[in-house]
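What follows is a set of structures to go through.
The two complexes that follow have chain A in common; it is paired with chain B in the first and with chain C in the second.
This part shows the complex of A and B:
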């Protein structure tokens, strides 16, 4: 097991730069998730960690050793791919044992290791099968077994659950989380699915266009998004965002204008702001003395099970609110919406940086 | 589930049967004729029932020229296919996997070897081999045929390797394989069945080759197609039975080759 240290990693393809100086320290035993929209560079960085992509500039240390130019097989990493990447001409047993053949272990030792891992992942019944004879979920379990059996210093998961259906994805996600609790191997996990990221990660690295937007625990990203991009990306349903203007201690916007003097912020330089509030933090009942009141009309109702998503038109803007199932409302009903000021997120519209 | 018999289904089956008959019947007829006396062959009414004879085959095999032709063909084609495989398969892998500066030009050049009519290739080669004293030797035919097998195998093997998912090879590299081991232990077995097709195709191509062999050989290095063609020159009366028998003899080695090679591949890769 190892720590990972990325120092100013840069990736260029000819003239196209896709990663712009990536700095990150990953502690031993940590489970770090790279999250971001497709094309943000998260998979490229993972492939640089694995040694499958050359590092154009910068340094990579794994377990304190400089691995910037090391061969993939020398880095002590094991990787699980999105499309499983099992060897199609070998059966499950050989797929798992293949990486051990060069480790100098005896045949009996290899067999014991494979049996242990196979048991851990409930693959006993499939050892003789070829990958093509397995379902997607089984194939990915074999791929995970192939990674675990090498007892690597670092696990790399490259969107391992993206090709699976929703139910299997959840099941395997739980399995991966349990495996990490058990093995405690340093893990880097790439995904574009925020639910996977939130549930698995010790820390999330949220990326956008080759840059880090924010690094933090899932809770930090959710409650204190440091940029507009993070605020918009994290949280489902997505945050309500409105453009506004600061006039002294008042925030003026088409949907609502209110006093923000008790927000702890430094806004001396800024006038154009964007404020955000999560649908969960809007309510049809007044909860605090200082809640901002909005009059509106329900324009759309989505039934989600235990909750109902209401789209409300107020002052020519649309705002989305998550109500409990008991508060079922019809289209066209007039309502008063209460906005919890202590849950407000304020951003500088020009730089996208958080203000409060 | 019962298949519903529709007009469309019937028509498609009928067309299929006709095509199969059209393709297979001549071969079958040749096989039958090779066991017939000449009188049974030249009758105006085709005979399906006749007393079979092995005379045609005995005649063919007793000819020393046939024996020489068979040995020549075996050695020349075998070596040309072997060299083509040993050099062509790794070359195709390199072209498919590594972005080479001249990769596309190289691929086009390889294909362009097959553009020219064989005569255009054979005439300059003939004069070169005459100068080198290699004319009418197996070496000269092997060299020339290697050009054919090499280009055919490269051209057909490049797509076979391109179909091997890159991730599988990357998994191999993470399992500690060097690039050669990735090629030998992963790319080669995964692409195996398609490569088999490429090799067989190149074998058949040079086994049946006539034009170049005709121009590069006169007696010593004659291949079987040349020898077989000479049976038509035996006299005024075309010896149909012998001709048919020689065609059958000519057709058998590629079938054996196919069987042996596919059996070999099954043993090695299908375990």
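This part shows the complex of A and C:
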């Protein structure tokens, strides 16, 4: 088990720079998730950690040892790939044992290790099967077993659940979380799925276009998004965002204008702002004395089960609100919406940085 | 609708007619002739039953031809496949992009040469007095090696030409197959601490086992048709060292004695042996692949 230290990692393909100085310290035992949209560089960085992509600039230390130019096999990492990457001509047992055969262990030792891991992942019945005879979920469990059996210092997961259907994805996600509780191996997990990130991570590294947008616990990212991008990316359903203007202590926007002197603001010169509020923090009942009132008409109703998503047209803008199932409303009904000001997110429109 | 139903018939009839004329007629004719005592330049042919076949079993030159044919198959098939794997891995590891494309084109050229042309080119290169291969040997040791007339070297030397033609070509095919393999198992193997040779021996080549077996079969069939190459380079010599079955049948039927019936019996036996051998190997491979 090991800490990981990335110092100003840069990746360039010829003239194209895809990672711009990536700095991150990952503590021993930590479960870190790299989250971001496709093409944000998260997989590239993971492959740089694994040694499958060359590091153009910067330094990488794993367990305090400089691994910048080390061969993949020497880094003490094990990786699980999105499309499993099993050896198609070997059966499950041989797939799991393959890495051990090169580590100088005796046949009996290898067999014991494989048996342990196979038991942990409930693969006992499939040892003789070839990968093509397994379902996607089983194949990925074999791949995880292959990674675990090497008792690596670091686990790398590269979107391991993306090829699975929703139910299996949830099941395997829980399994991965349990394994981490049990083994406590330092883990880096890449995904574009925020639910995976939120549920698994000790810390999330949210990335955009080769840069880190925010590093923090899932809760920090949700309650205190530090940029507009984070605010928009994290949370499902997505946050309502509206452009506005600061006039003294007043925020003026097409949908609503209100006093923001309560907010702990860092004003300085900013006039164009974007404010955001999550659909969960809008209500049809007044909850607080200072709630901002909005009159509107329900334009769309989505039934989600225990909750109902309402799209409401107010002052020529659309705002989305999550109501409880009991408040079933019809299209065209006039309603009053209450904005909880203490849940407001304020951003500088030009720089995208958080103001409150 | 009717036209659609007729389509298979329309397409299959011409090749079937062609096949009937070019393959079935000679095969049946050979079978019939093999039970006669037909000789070139002699009239009066009778059916003599299995006499030709019985004679063959006591013909030591026939036994020799059988052995040479087997050796030829083994050397050329194994040699071709080994060279192919070697070339493919070497190019896959060391080249990329345009260089690789250019090398591939160059490596395909030998197989594009007509066999007779290739045979003449190499015969000239092997020549003890004028050949380019013997030039450095003569300079170093003072005496050239008589590749094509040496008892030990003749068969190997002819096989080299065959392997040169097909091994390089198959190498290019294998290279293209390697390019189609998914990258991830390679990367997983790198993380599993494999050395480069292990990567190919344990991961890449086994992943290509199905096409490699197909290529081996193709080469086995192709190697049976070595007549032109051997005919140009050694004519079965020195003595009968490179006399394969088809060479012997040819010389019995046309060159030495004109014993058409005897040669036909040989051809029929060759046909039977080929069918039986290939059926067995085919079934064996299928069984092995399913395990």
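Criterion: the second predicted complex is superposed on the first by the 356 of 356 C-alpha atoms of A that agree within 3 Å, B and C clash if a C-alpha of one lies under 4 Å from a C-alpha of the other, contacts with A are read in each partner's own complex, and residues count from 1 in each chain.
We adopt the following convention: a residue touches a chain if its C-beta (ideal position, glycine included) is under 8 Å from a C-beta of that chain, and two chains touch if they have at least 3 such contacts.
Keep in mind that this is a model prediction, so the values were computed, not measured.
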*After lining both complexes up on chain A, report clash or fit for chain B versus chain C.*
clash
*With the two structures laid over each other on chain A, which partner does A:58 touch: chain B (first), chain C (second), both, or neither?*
neither
*Does the superposition put A:88 against chain B (first), chain C (second), both, or neither?*
both
*So, does A:21 touch the first partner chain B, the second partner chain C, both, or neither?*
neither
*Go through the superposed model and pick first if A:50 touches only chain B, second if only chain C, both, or neither.*
both
*Of the two partner chains, chain B (first) and chain C (second), which one does A:98 touch, if any: first, second, both, or neither?*
both
*Applying the touch criterion given at the start, work out whether A:237 contacts chain B, chain C, both or neither, answering first, second, both or neither.*
neither
*Based on the superposed arrangement, let me know which partner A:79 touches: chain B (first), chain C (second), both, or neither?*
both
*Common interface residues of chain A - those touching chain B in one complex and chain C in the other*: 50-52, 71-74, 77-79, 81, 83, 85-89, 98-99, 102-103, 146, 150
_For the complex, give me every residue of chain C touching chain A._
182, 184-185, 187-194, 198, 202-203, 206-207, 209
_Please output the residues of chain A touching chain B within their complex, sorted ascending._
50-52, 71-74, 77-79, 81, 83, 85-89, 98-99, 102-103, 146, 150
*Tell me, which parts of chain B touch chain A in their complex?*
165, 167-168, 170-178, 186, 189-190, 192, 269
*How about chain A: which of its residues touch chain C in the complex?*
50-52, 71-74, 77-79, 81, 83-90, 98-99, 102-103, 146, 150
